[in-house]
């Protein structure tokens, strides 16, 4: 088994382009997921039964079905509803909706960790809902959430190969194409795997370091 | 129950509870309570734990629901069910009367500095400018003796200091009614005095209505015009501090005071 | 409209295809889970062993497998291994790829449960002069297992969902069956939606069982601690 280093070097630019698309989709998807998660977490706490049930249903459905099939459905269903989006946007939405369901759970734990006294003090000072959430509850809830969010960010990054199934030209897709055209599999997949490791391992170490630093 | 503190005949009561009932599951916490407090009166609420004293305060502030009766503060009704949060742009009226409350557990906002804790409500609720809010905050922090710690965070303060900031925070809203819910019960004994001193100074300087739930009998004697003794959700004795604390007629009051060791 | 013979036939056809795909999905899940359980314990014990070499190997194992996703590993096993002369069937590749990936996370669950129980029991074990192996077997493990089962149960549900990846290495699981149906019938949205519901019907009962067990375990722990 020979590893053609020259070939590996030559395909780097193409793989790198794919990596850039990957990063783009991950960042946008993550931001959407954080937003979706917050909306769901607030809806879960609502006293209105329909809202509570609806969000519970959403959470259950998105957490018990595979992301890949969800992407398929989005990819084919959206145009039927008259919404034509580029594949990348569909990917971002798919990631956001899926991970939003998981992040909502992280929010729930963190929000419940804020002592009831804080809510009462806000009410005693006649704060309205938005001020209470924005200035009192969320700032206290987000701090313990950061490591969990970091984990989901890394997880999202590693799941991006799935986006290839809806034709997004990310890193994995780039590797597949090179392999398909050159009939050499080792180099593209190895370099791709190394790129994944090169990003996810340092990032996770960074998060661990940040977490430890805050506790000191 | 005689009442030495007759309100002026023309003034409507600042706080009025009529036949209020509150149940929690199968327990009756407040049992057909009637209470009328004129403006400017300083009232101490005493009694065994579980008697419903804190609940009365929370009902007045609107933190608790109730099943029966009516509650009015400065003529405006306090709703019996949770009406949910005020959403900006909603049809709910802005707060008409202001009721300030200080809690046993202080409940300061840990992620905000002392100054920010006190300016937050004036900024967000009263919509004061940043300068106005800060000026007001410094005024009240000075009143409670915490001017030297405006940049500190709650985690860096002692219990007594935190509670004093909590009082300043409530005062900064210039409420017409101040509620104190066992505000010294969570403090180490040596810190109790500084908080009581602050409350005493407010009672003498400000003309606001004050309701204090407290175990500090001597303190109650000092500043209260009127003392209410509660048991099992009812007001059992109601009179001046002298009447209730020094010469209690009611045998139950006497028994309680004996237990607490204040006679 | 719903009952004309052609539609009923098609519905039956769809049902049969998807059912056989679902069956394979369950098979793969089960087999992969065996790999997960075995490897999780092996790696966890290696991480806790007194020999640095073992600890190091286990750490590298976990870091690498956690750093790449299941799909990357699957493709690696599927395309690269043959070049080394190792030719595995798609089934073995799928089971191995999923099993190894999830064992990296599983080993953390096992390890932290063991550590959790050990730290609490350390004094008791020392006072009674237990040796390590007996201590592990009779004292620590029985207490650690209930701690491990809820997170491992959740992992199992994730594993079930992740099996959809094997469709990309041509295994006829539920997702692959869905894709096949589409090449015959078209109707992308409809069929993928049905596939989605099928996964839900498999995953949700499993997750419900996990939650019930978790509640049972929590109740037990609260009783013993109060």
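Going in written order, the chains are labelled A, B and C, and every chain counts its residues from 1.
Throughout what follows, contacts are C-beta pairs under 8 Å (C-beta built on N, C-alpha and C of every residue); 3 or more make two chains touch, one makes a residue touch a chain.
Source: prediction; values computed, not measured.
Visitor: Would you mind checking which pair of chains has the most C-beta pairs in contact?
Guide: Looking across every pairing, the one with the most contacts is A-C.
Visitor: Work out the mean Cα position per chain and let me know which chain is farthest from chain A.
Guide: Between chain A and the rest, the longest centre separation is with B.
Visitor: Please list the single chain whose C-alpha centre lies closest to the global protein C-alpha centre.
Guide: Chain closest to the assembly's C-alpha mean: A.
Visitor: In angstrom, rounded to a whole number, how far apart do the mean CA points of chain A and chain C lie?
Guide: 21
Visitor: Based only on mean CA positions, could you tell me how far chain B sits from chain C in angstrom?
Guide: Inter-chain centre distance comes to 56 Å.
Visitor: How many angstrom between the C-alpha centroids of chain B and chain A?
Guide: 47
Visitor: In their shared complex, at which residues does chain A touch chain B?
Guide: For chain A paired with chain B, touching residues are 47, 115, 117-118, 120-121, 123-132, 135-136, 139-140.
Visitor: Considering the complex alone, what residue numbers of chain B touch chain A?
Guide: Chain B residues touching chain A: 61-63, 82, 84-88, 95, 98, 100-101, 103, 105-111, 120-121, 124-125, 169-170, 173.
Visitor: Name, in rising order, each residue of chain A that touches chain C in their complex.
Guide: Residue positions touching the partner: 1, 60-61, 63-70, 72-73, 76-77, 80, 158-159, 161-162, 165, 172, 179, 185-186, 189-190, 192-193, 196-197, 200-201, 204.
Visitor: Spell out the part of chain C that touches chain A in their complex, as residue ranges.
Guide: 63-64, 66-69, 71-72, 75-76, 79-80, 83-84, 157, 161-162, 164-165, 167-168, 175, 178, 188-189, 192-193, 195-196, 199-200, 203-204, 207
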